[in-house]
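Pasting the structures here.
Both of the next two complexes hold subunit A, though its partner changes from subunit B to subunit C.
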Partner chain A sequence: MDRPRGRAFYLLACVFALYVLFLYGPTLTILALSFQGPSGGLTFPMNGVSTHWFAKLWEGVGVVDIWAALRRSLALGLVVMALTVTIAFYAGLAFRKGFRGAGLVFALAVSSLIVPSIVVSLGIGLEFRLLDDGVKALATATGWGFLQDHGTLMGLYSSALGAHLTWTLPFGLLIMFAVFNRFDPAYEEAARDLGATGAQTLRHVVVPILAPALVGVALFGFTLSFDELARTSQAIGGRNTLPLELQGLTTTVTTPEIYALGTTTTAFSALAIGTALGLTLWLQKRRARRALAGLRP
Partner chain B sequence: MNDLALSRLAEAAASPAPSGRRRRRALAYLQAAPLAFVFLVFLVVPLVLTGIVSLWEYNEYAIVPALTLQNYADVFDGCLSADLCTTVRTYLSTLKFVALTLAITLPLGFAIAYFLAFHIRSNTVRMGLFLLCTIPFWTSNVIRMISWIPLLGRNGLVNDTLRGLGLIREPIEGLLYSDFAVVLAFVHLDTVFMIVPIFNSLARIDRRLIEAARDCGASGAQTLWNVVLPLAKPGIAIGAIFVVTLVMGDFVTVGVMGGQQIASVGKVIQVQMAYLQFPAAAANAMVLLAAVLLMILGLTRMIDLRRVL
Partner chain C sequence: MNVELIGLTKRYGTAIAVDAIDLKVPSGAYCCLLGPSGCGKTTTLRMIGGHERASAGEVVIGPKAVGDAAPSERGTAMMFQSYALFPHLDARDNVAFSLKMRGVGKAERRAEAMAMLDLVQMGHLAGRLPAQLSGGQQQRVALARALLTGPKVLLLDEPLSALDPFLRVRMRVELKRIQTELGLTFIHVTHSQEEAMALSDLVVVMNAGRIEQASDPRTVFERPATAFVARFIGGHNVIRLPGGMIAVRADRMRLGAEAGHAAMPARVVAVEYQGTSVHVGLDADGLERPSEGSAALTAVLSDVDFAARPLRPGDTVTVGWDMAAAHRLDA
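Now for the complex of A and B:
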C-alpha cells in the first residue's frame, strides 16, 4: 500500500496547511494584539509591546465583574464535567446490558444534539418561568412563610446546568459507546470468577481500564461547557457566565483589553486540557508499570 | 484470603441465575435513570412547554393561558400577499447561509478528512494533526469572531496588504459586517463538525476495496467517485446535519459578523425573548424546529442512520 507520494498528496497537504493557517489566523491575531503597547488600538500595527492591557484587565473591565464571571464559568464547567462523566459512564454500562426503552433514550440523546440550541434554551427558560409562577401562586394560596420571598428557581446550578448537560451528555454517551465497543468483557468475567462482587469489579477492573477514556469525556464536558453560549443565553438568571459577558463586551469594549481577555481565557482552557492530557499519560504509564511489576515473581 | 474468595464463590454459585438476571436488569434501569431524567427535565418538558406556550395569548404585561393560533398567524403575517413577508425573507436569508456554508465546508471537510485518513500513514502524526485542528477551539467563539476585525476591517491586515502590494487603491468595504464575513465565520467555526464524521466513515473503509478497484483498472478519480464517496455518505450526512442545525439556529455569529444588521431566525427569537413576548418567541421556535427537522429528515433519507450509529 505504501507507494511513493503522488501529486494528490501534495495538493491535499497544501489544502490542509491553508486550513490550519485559516484556523489559527484569528487566534494568533488576538495573541499578538493582546500585547499591544499602551497607545495601540484594536488593529495592527503594533505600537510597541507591553503587558499594559493585561494590567488594565486585572483592574476590571468597565462595570462588568469579569473575574466573577470567569469564576462562575470555571465552577459550572467543573460541575458539568463531573456530572457528564458519572452519568455518561453509568448510562454506557446500562446500554451495554440492554434495557427496555434503550432505543428511546438513545433517540432522546441524538435529538438533544440536533435540536437548535436557541430552541432548547428558550424551552428551559420558559419551563423555569412557569415554575416560578407556580411557586408564587402556591405562596399566595397557602401563605406559607418560607415561600413568600421566592425570587426565581432559574440559576447557574439549576437551569444553566441543565442546559449545559443537554449539550455535553450526548457527546459523552457517544464516546462511552465507542469505548465499550472495544472493551473486552473477559476482564469482568475473570474478576467475577475470582469472586469479585459487581461493585468490586467496577471499582478495581472496569474503571481503571477505562480511565483514559473517562478523562477524555471529562475534558470534552469541561471545554464544551466553558465555551457554551447559545444554550445558556435564555436559561440563566441574573448572573452571566463568561461567554455571555464576552458577547456583551464585544459591542462596548473598544480597547485591546478584550484581546487580553481572550488570551487569558485561552490560557485557562489550555491549562485544563494540558492537565487532563498529562493525567491520561500518567495513568497509562502507571498502568504499564503495574502490569510489569505484576509479571515479576 | 483464599478462604474468603472461596466463600464468595460459594455465595455466587448459591444465588440462582434467574434472579441474578432480574437484578442485572433492574440495575440497568437504575444506571440509565440519571441520563433519562436529564433529557426528560431539560429537553422533553421544555419542548412540550414551548409547544403549549406557543398557543397562548399574551399582552404587554403577562402571558395568558388561553388557546389561540394568533402567534402562528403573526409569524406568517402577510405571507400570502405578493411580496414576501418578514418571516419568509428571514428564512431565505438563513437558508442562503446554510447553502453557502455547506457548499464550502463539505468539499473542504471531505478533502481534509481524506488527507488525514488515506495520506497520513502514522497514527501518531494523525493524532498530532487532529490536535492541531482542535487547539483554536480553546479560545472562546465570541473572541475568535471579533478577532476577525483587525484582519478584515477597513484598515485591517488584508486591506493594508492588498494596498501595499498595489492591487487596490481604496480599501474593500465589504470584508467585515457583510454576508461574506458571516459565511467566513461559519466556515471557520463549523468545518471541524464536517471533518470528524467524514473521517470516521473513511477510516472504516476496508482498504482492500480500494486496491480491488485499482486492480480492476479504475483511475484515482473513478475510485474516489464510485468507491470512496458512496461509503463516506453516512459521515457526509452526519456532518451536514451538524452544519444545518448550527447555522439555522445561530444568532451570535450573524449578529457579530453581520454588524447586527443581518436578520436571522435565531436572532428574531432572542429579541422576542428580550421583550418578554414568550408566546411569540415560542411560536417562532416551533416553526424553526419544524424547518430543521424537515431538513434533517431529508438528509437522513440519504443513509440508514441506524446502521451507522
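Now for the complex of A and C:
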C-alpha cells in the first residue's frame, strides 16, 4: 500500500494540528508571557524579555504565602497518591476475584465522576458542618476540656483529602480494571505451584509485574490532586491549596507574576512526571542490557 | 509416584467438564491426556495439580489422597501452556523462585538453579530475561523451574503447542529424555495424536468429559475402542455395516483387483501425494462422510503401488479390505 496520500490525509492532519494547538496553545502563551519585560502587562505584545516576574514571585506575592500553599498541595498530592495506589490496587484484586454486590459498588464508585464536582464539594462541606455541630453538642453536654475550643474537623487531611479521593479513586479503579484485564492469572498459579503463599505471590510476582501500571496510577493520582479546584473549593477548611490560591490571585494580582507562577507549577508537574518516566525507562534498559550482556551472573 | 483418579468430577454450574473419570497412571509412566479442545483434559490436569477444585471424587498421588491440598504440597509441579515465566526475573531467578519462597539463601539457591539450567542446556543464557529468549528456550527454563521443586509427578499443559513444528519434534525428544533420566511420572495434555503416540507409555483419549480409552499407544492404534477414538487417532476408516461399526486402517484398504470379497464400487474424490505414500479419498454409495469436505473413505497406498496403477479424481475403482484388518468398535 504505497499510494500517494489523498486529500483525507491532509484534512485529518490539519484537524490534528488544530487539536495540538488547542491543547498546548494556552500553556505556551502563559509560558511566553511569564518572561514579559518589567514594564510589560498581562497581554501581548511582549515588552522585552526578562525573568523579572520570576524574581518578583520569589520575593512573595502580596499577603499570600504561595510557597506554603505549594508545600500543602505537594503534601496532599503525595498522600492522595499513596492512598489511591494502595486502595485501587486492592480494589482491583477484589473486583477481579468477584464478590457479592460488585456491580453496585462499582456503580457507586464511578457515579462520583458523574456528579458535578461542585456538588460533591458542597456535600462534603455540609457533612463536616454536621460533624462539627455534633462535636460542639458533645462538648456542651459533657464539659470535657479538650473539646471546649473545638474549631472544625475540616482540613487538608480530612475533608480536602476525602474530596480528592472522590476524584482520584474512580480513575485509579478504572485503570486497575484495564490492567488486571490483561494480567495473565497463570503467573499467580505458577507462583502458588512453586510454593509461594498469597502474600509472597503479591509481593514477588503481582506487584513487580504490575509496577509500571502502578507508577501510572500514582502519577495520575498525584496530578489529579495537584491541580484539583472545584472539589476542593468548599471542602478545604482554613488553609488553601495552590490552585485555590491561584484562583484567588487572578482577581487581585494584575501583573505577569501570575504567569510566572503558572510556568513554575507547570514545570513542577512536568518534572515529576518526566523523572518518573525517565527512571522507569532507565531501569528497564539497564535490566535488559545486563541480561543481554550474557553475564553468567 | 503413581497417580490414581477415582470418580473425579468437575462441574461448572450445570455443565459437566469432567464426568466421574477413573484412571491409574503407574509410577514413572509417561501419560498423555489426548482429546479435542473442550474434552476436559486440561481441567483434569489442573485438578491433579491442585489448581482447580474437584466437584467430586478423589486424586490419589502415591500413598495418599491429596484432597484440597495446596499445589506445592502434592508432590506435583506444573508446566503452564504459556510457560508463565515471570517477566521481571532472569532465567536463573525464575528457576530459583521456589527456593526463594522457602527462604533458601541467595548463593545456595542460585547454585541449584544453575545446576538445573545446565540439565536443560540453558546454563549459558541464565542471565537472560524471558522476553530475550526464544519459545524453545523459554520452555526449557519453565521445565527447569518446575523440576527444581523436586516433584514426583510433572504436569505439562500443552507444552509443545506454542513451538514451530521443527522445534516441537526436538523438544519432544528432550522431554522424553528428561523423563527417562529422572524416572518421574509425566502427565502431558495434548490435542496432537502424533505427540501422544511418540511420547507416551499410556495414552488416555478423552471426549466430552469422559475417558474413551486408556491404553498403550499401540493398542490404541491397533484396536481403537470406539468410533471416536478411531477417528480422532487418525489413519482409520470408520465404516458402518449392518452388523455394527468397524474400523479399518487406511493403509490396509485394498483397491481394484485386490479388493477382495467385501469390495464395493467407489469414486475417487481426492488424491494427495505425501512422499512415501499417496492418500486417496473415496466416496461410495451408502457411506456417510465423517465431516463436511472429507471423503467417506481414505486409502493409503505406497508410492510404488500408486505409481504402478495411478488414479485421478473422477475415476471409479472397487474398494475393500482384509477381514483380518477389520476391527469391531464398541459404539
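One rule holds in what follows: the second predicted complex is superposed on the first by the 275 of 297 C-alpha atoms of A that agree within 3 Å, B and C clash if a C-alpha of one lies under 4 Å from a C-alpha of the other, contacts with A are read in each partner's own complex, and residues count from 1 in each chain.
Note that in this section contacts are C-beta pairs under 8 Å (C-beta built on N, C-alpha and C of every residue); 3 or more make two chains touch, one makes a residue touch a chain.
All of these numbers come straight from a predicted model, not from anything done at the bench.
Q: Just subunit B (first), just subunit C (second), both, or neither: which does A:Leu130 touch?
A: After superposition on chain A, A:Leu130 lies in contact with subunit B alone.
Q: Report for A:Pro208: first if it touches subunit B alone, second if subunit C alone, otherwise both or neither.
A: A:Pro208 contacts subunit C only, not subunit B.
Q: Determine, under the contact definition given at the top, whether A:Ala288 touches first (subunit B), second (subunit C), both, or neither.
A: second
Q: By residue count, is subunit A touched more by subunit B or by subunit C?
A: Counting residues of subunit A touched by each partner, the higher count goes to B.
Q: So, does A:Ile30 touch the first partner subunit B, the second partner subunit C, both, or neither?
A: Touch status of A:Ile30: first partner only.
Q: First (subunit B), second (subunit C), both or neither: which does A:Ile236 touch?
A: neither
Q: Kindly classify A:Leu219 by the partners it touches after superposition: subunit B alone (first), subunit C alone (second), both, or neither?
A: neither
Q: After superposition on the shared chain, which partner residues are touched by A:Leu156: those of subunit B (first), subunit C (second), both, or neither?
A: Neither partner.
Q: So, does A:Leu194 touch the first partner subunit B, the second partner subunit C, both, or neither?
A: Both subunit B and subunit C are touched by A:Leu194.
Q: Give one of first, second, both or neither to describe whether A:Asp184 is in contact with subunit B, with subunit C, with both, or with none.
A: second
Q: Shared contact residues on subunit A, subunit B side and subunit C side combined as an intersection?
A: In the superposed arrangement, which is not itself an observed complex, subunit A uses residues 192, 194-197 for both subunit B and subunit C.
Q: List the residues on subunit A that touch subunit C in their complex, please.
A: For this pair, the touching residues of subunit A are 184, 186-187, 189-197, 200, 204-205, 208-209, 211, 287-288, 290-297.
Q: Which residues, counting only subunit A, touch subunit B once they are in their complex?
A: Contacts found on subunit A: 1-2, 5-6, 8-9, 12-13, 15-16, 19-20, 22-27, 29-30, 33, 42-44, 86-88, 90-91, 93-95, 97-99, 101-102, 105-106, 108-120, 122-127, 129-130, 162-163, 165-166, 169, 173, 192, 194-198, 223, 227, 229-230, 233-234, 242-243, 246-247, 250-251, 258-259, 261-262, 265-266, 269-270, 273.
Q: Per the contact definition, I'd like the list of subunit B residues that touch subunit A in the complex.
A: 4-6, 8-9, 12, 24-25, 27-32, 34-36, 38-47, 49-50, 53, 108, 111-112, 114-116, 119, 121, 129, 132-133, 135-151, 153, 155-157, 160, 188, 191, 207, 211, 220, 241-242, 245, 248-252, 256, 260, 266, 269-270, 273, 278, 281-282, 285, 288-289, 292, 296, 309
Q: Under the definition above, what is the set of subunit C residues touching subunit A in their complex?
A: 49, 51, 70-72, 77-78, 80-82, 84, 86-88, 90, 92, 97-98, 100-102, 110, 123-129, 131-132, 145-146, 149
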